[in-house]
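In the two complexes below, subunit A is the common chain; its partner is subunit B in one and subunit C in the other.
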Partner chain A sequence: MASILSVERLVKRFPAPGAAKAFIWAVSDVSFDIEKGETLGLVGESGSGKTTVGRCLLRLVEPTSGRIVFLDQDIAKMNLRDFRSLRAKIQIVFQEPHESLDPRMTIAAAIGEPLKLVKHMTRLEQSDRIIEVARQVLIPKEDLTKYPHELSGGQLQRAGVARAMITNPELIVLDEPTSLLDSSVRAEIMELLIDLQQKTDVSYLFVSHDLTSVEHISHRVAVMYLGKIVETGTTKQVFEAPLHPYTRSLLSSVLVADPAKEHVRAPLVGEIPSPINRPTGCFLHTRCPIAIDACRTVTPELVDLGRGHRVSCIRVAPLPSQVFARNQLVAWTDNRGFARAEGTDGQRTELGTERH
Partner chain B sequence: MQAVDGVSLELAAGETLGLLGETGSGKSTIAWSVLGLVPPPGRIEGGAIRLLGRDLLSVQEEELRRIRGKQLGLIVQNARAHLNPLVPIGVQIANAYSSHTEASPRDAFQVAVDTLERVAIPDPERRARAFPHELSGGMAQRVMIAMAIVNSPRVLIADEPTMGLDVTIQAQILDLLADQVDSLGASTLLITRDLGIVANYCTRVAVLYAGQVVETAPVNEFFRHPRHPYSIGLLDSATLQYVGRRVRPLKGLPPDFINLPPGCRFNPRCLFASDICRATAPSLEEVAPDHFVRCFRHKEVAEWHRS
Partner chain C sequence: MHWFGWKGRFILRRLGLLVLQVWGIVTTVFILIQLLPGDPTYLLGGEFSTPSTRASIAQDLGLDQPIYVRYFKYMENVLHGDLGTSYFTGKPILEEVLRHFTATFELVTFAFIVAVGLGIPLGIWSAVSRKGFLKNIPTAYGMVAGALPEFWWALMSILILYVILGFAPAPIGRIDVSVDPPHTITGLYTLDALMTGNVSAFASSLAHLVLPGLTLAFVNAAPIVKVTRTQMLEVMSSGFVRYAQACGMKRGRIYRDALKNALLPVITYSGLVYGFLISGAVLVETVFSWGGLGQFAVSSVVNSDYLAVAGSVMFIASFALTVYVLMDILQAVVDPRTNR
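Coming up: the complex of A and B.
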């Protein structure tokens, strides 16, 4: 299948405030593809750089280096006027609908605003399109003449989605679109996004720290830590057989809404390091339960462990094709040089041997 | 407008009660009521709040202040916003301690340092001199917990204590809170909108809808046999597991308190609503040992959910 988007070695650094030669390294050397009709989930905690990646795609922040190939054109270096002609094809939905909805505009006007990126549309065609897209996202007609403050958070987010959909884009960056919503409203928005994708074959970059939503909507997932992708693969690969110590810790932190499932913890110690003074070697080594001396000096590369499941960790080696249930994984022991997973039933499974 | 209406909750010693509700359900109003902190023009119209046998609604403000902070500890979300930005955190904790004891400032500060150590703040001696803006969100939440436990309260009220924190930090904070509550032998009222938190950290749950408790049960019973259609909708939404059938997540919005529907407050959104639901308000009924539900049609609902 053809890639809609191909990001190659994307880097974004910001000057650190108050220091002449220091930088905040928000994104370092990130590469990924998105195919037509596909959803890539970009997961990470605050400070992981996931939001910056999404914003680079729309040139809301300017990439420092790297290529962003969208519909066969490198948009990373393109001048902004040329990029404008492509902007109708790539849209964004923000976490805060207020960021994209002008409080002085009616909902209809806000939804229709991106149509100014589309040439040769009459007024009538525009208003027809607004009504059509509003119907698709289930915004009742009487809400179209209201102002943002008159709608609930869920309805506003529907308007945000309608605004993104109105130009028939190829790709939508969904930047934490549900994280401020109550779970019942979140479920509705998720259903809406999945429906729209099935109907229009639009691709999504779903940026979120909410792992339940990511698992639900994504075909493939990339996990970010401190500006880098540490693991990527299909949703099944990453959620059912996570290999990177960071991914495993992240998944084990999710509180499953079922007391019958035993909760297994694989906690990381401490907090995410500063993106100004990043650790040497593997960025996770300061918090990693299976770090060895080499992790402090060797920078790990993303290695394909089979079928596109790629992991950046020198402690994880290619695996036989085992699939684990998420809750079977307990911990790693490294006293004999093996990365291991221990099942809740007491069975031990070897995950991979140490590589020197 | 009545934000909370006829809510009865009981917190047994050592118990962690999860008060579950979405935006506008009235869950925070209940917390403020217990603390006697309902902001005017709001007021408590009736009822009783008993702590260790004393009615908090009938004691004087002075007395209430003594109880608050000594026997009741409060942990709120977004701790940084609730700490005084101009005072080192160690001094703030020391003040919370010395306002309920006769300790000298020096002793109180030492207690603060010890408490920071209990909540796993690294280098507590130095951190005690830090100001709130120097803390990360997770650290600030630990400081908040330290402040809440410094007087060894009998009851802790935690109002969405991990709202807005990353999942790995959330797990650290909730584990810490559970450990501290355990070692104090305290009871906790844990206010949350997250069923994952309820499943993992609570012993009982009370589900709030439009200011009323609609279901309450021990946690295992609740997750195995939910009976109220609203609870079931929340469970489906939380897990996004629509097992084969696309379960109708909850449609619509909670009612406006000024304009409550007649009958059951949930009826406009309920798949099971019948004539009686639109005419008569149901009361909480015990449907299994210690399991109460406010629904006329809980039998059909439970059967449908099982199928």
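Coming up: the complex of A and C.
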């Protein structure tokens, strides 16, 4: 299958307020692909840069460097007038349903807003399309003439989804679309998104810190820490056999509903470092439970441990050139396709503890 | 049917509240006046008047009556539109108040239109401009215009535009002494002159209006700029604007949609400014010898002309309240969120 989106070495830095030469490094060197009909979950704490990645794709923030190849065109440096013709193909749903709809527009007008991007559509065709999309997202016809303040958060988010779907996009950036909703409403929206994807083969970039939602909707997952992807793979690989210490701690913070499952707590110490003064070497070394001296100096790269499960950690996935003394962790892929890691001294470290 | 829905009830309630507020004002004014120092019988009878003369003056004015009798008598008169007679000029106070009010009204309305016409575009402009230097204009303007009192600006404008440059007419009154005021229709000189086709009176009254009007507008536009800018910035950072940007909507269109949402609080705020100006213009009126209502009220205080003070305060307060009510109603009518 062909990728419809390919992000290569994306960097976004903002000038730090108050400091002349300092920068906030929101995104440092991020690469990923999304295939047609696929959902990539982008996970991370607030401040990890995941939202900035999503916004770069729509040029809501201008990327500093890197390529964003969407439908075989690099949109990162494309001038905005040329990009306008592609806007209909890449859409976004925001987090705040109340805020992301104009209080002075009816629901129908809001849903129809992106149709201004599509030329050659009569008014009748437009209203037909609005009604059609509203039906797809289960917004009752009588709600179309209402204003946003008259609807619930869930209904508004349906309108947000309808608005994104109306131009038949290839890719929708879902920027934490469910994190402000009640859990029952959240489940409905998730089902709606999955259903729409099956019907239209649209691709999603699902940006969220809500791991349960990400696991539910994503085919593949990328975990971000301080503007970098630290681990990526299929949802199964990342959730069932996480390898990077950061992913492991992130996952261990989620309560597991099944008491038969072993619950490993692997907390990180301290706070997330400032994106202005980032640590040297591996960004996690200041908080990592398994960091060694080399982590402070060596910048890890994403290493493929088989079947697309890639990890950026010299302790788990050392580059061939990086050989460390004693207790080197070795990673491999087991017969079920999951990556595993174990110390060379034969002892299982905390990292190697299996999560069934 | 729609009219007697949510909005109709809101408007009725608001009007009912207005009646209560005005009653409160009349009562408060009455009480405050009783507390004012100074004895009008001295002023009218003279410093060396005998106690018996003063007693008979007090009797004429009804000042010997118990306070509640005076209160009910006063309320009754007010309801009949009788605000009493000025101790000082001997004219009915309502007539005096209205005459001075039209002067103030003309000045303040002119200033208000200029302030809004200047403040709102400047606020929008500074909110949407991305260049650093434009962004700082309203802050600088607010500091300069707000930090120095109106009368100082009034004096400066007279010094520069009248004394030095000689552009402006002498800052005395509403029209040149040599020009006859236009035939009174509305009491607003410029409007009356226009309606009667009196060109020289129009030119003269407009020329006299410009300096005090611009002074008031200059000072009072500053907060309007700020409010507009803040509102506009807030709306521009909200989700639906970001979405419109994500869709690549034309910038002008985005600004227009944002403005619709930002303008409502600005309208409310402008109403406050207008209501305030009616009494707040007094310093500028004094500098330009405008003969407005604020000036009349102040001189009435100095003269211990109790009833005139009461009449002025009542009129100013009721006018301001009416403006606020109209703003509330306008807001209710315009805002879709108050639909039901």
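Definition applied: the second predicted complex is superposed on the first by the 307 of 356 C-alpha atoms of A that agree within 3 Å, B and C clash if a C-alpha of one lies under 4 Å from a C-alpha of the other, contacts with A are read in each partner's own complex, and residues count from 1 in each chain.
Just so it is clear, contacts are C-beta pairs under 8 Å (C-beta built on N, C-alpha and C of every residue); 3 or more make two chains touch, one makes a residue touch a chain.
Every value quoted in this text rests on a predicted model; they were computed, and no experiment measured them.
Room for both subunit B and subunit C is found when the two structures are superposed via subunit A, with no clash between them. By the document's definition of touching, neither partner reaches A:L124: not subunit B, not subunit C. In the superposition on chain A, A:E191 makes contact with subunit B only, while subunit C stays out of contact range. Of the two partner chains placed by the overlay, only subunit B lies in contact with A:S183; subunit C stays clear of it. Contacts of A:P103 after superposition: subunit C is touched, whereas subunit B is not reached. In the superposition on chain A, A:E271 makes contact with subunit B only, while subunit C stays out of contact range. Touch criterion met: A:L211 reaches subunit B, while subunit C stays clear of it.
Superposing both complexes on chain A places the Cα centres of subunit B and subunit C at an angle of 70° as seen from the Cα centre of subunit A, in steps of 10.
Subunit A is touched at more residues by one of its partners, and among subunit B and subunit C that partner is B.
Once the two complexes are overlaid on the shared chain, A:A2 sits clear of subunit B and of subunit C alike. Distance between subunit B and subunit C in the overlay is 16 Å (nearest C-alpha pair, rounded to whole angstrom). Shared interface residues of subunit A (contacting subunit B in one complex, subunit C in the other): none.
Those residues of subunit C that touch subunit A in the complex are listed here as 238-240, 242-249, 257, 260-261, 336-337, 339-340.
Across the complex, subunit A meets subunit B through its residues 45-46, 152-154, 182-184, 186-188, 190-191, 209, 211-213, 215-216, 249-250, 252-260, 263, 265, 267-268, 271. Interface residues of subunit B, counted against subunit A in their complex, comprise 22-23, 136, 138-139, 166-172, 174-175, 193-200, 219-220, 223-224, 233-240, 246, 249-251, 253. For subunit A in complex with subunit C, the residues that touch the partner chain are 58, 60, 80, 83-84, 87, 91-92, 94-96, 99-105, 110, 113-114, 116-117, 147, 149-150, 163.
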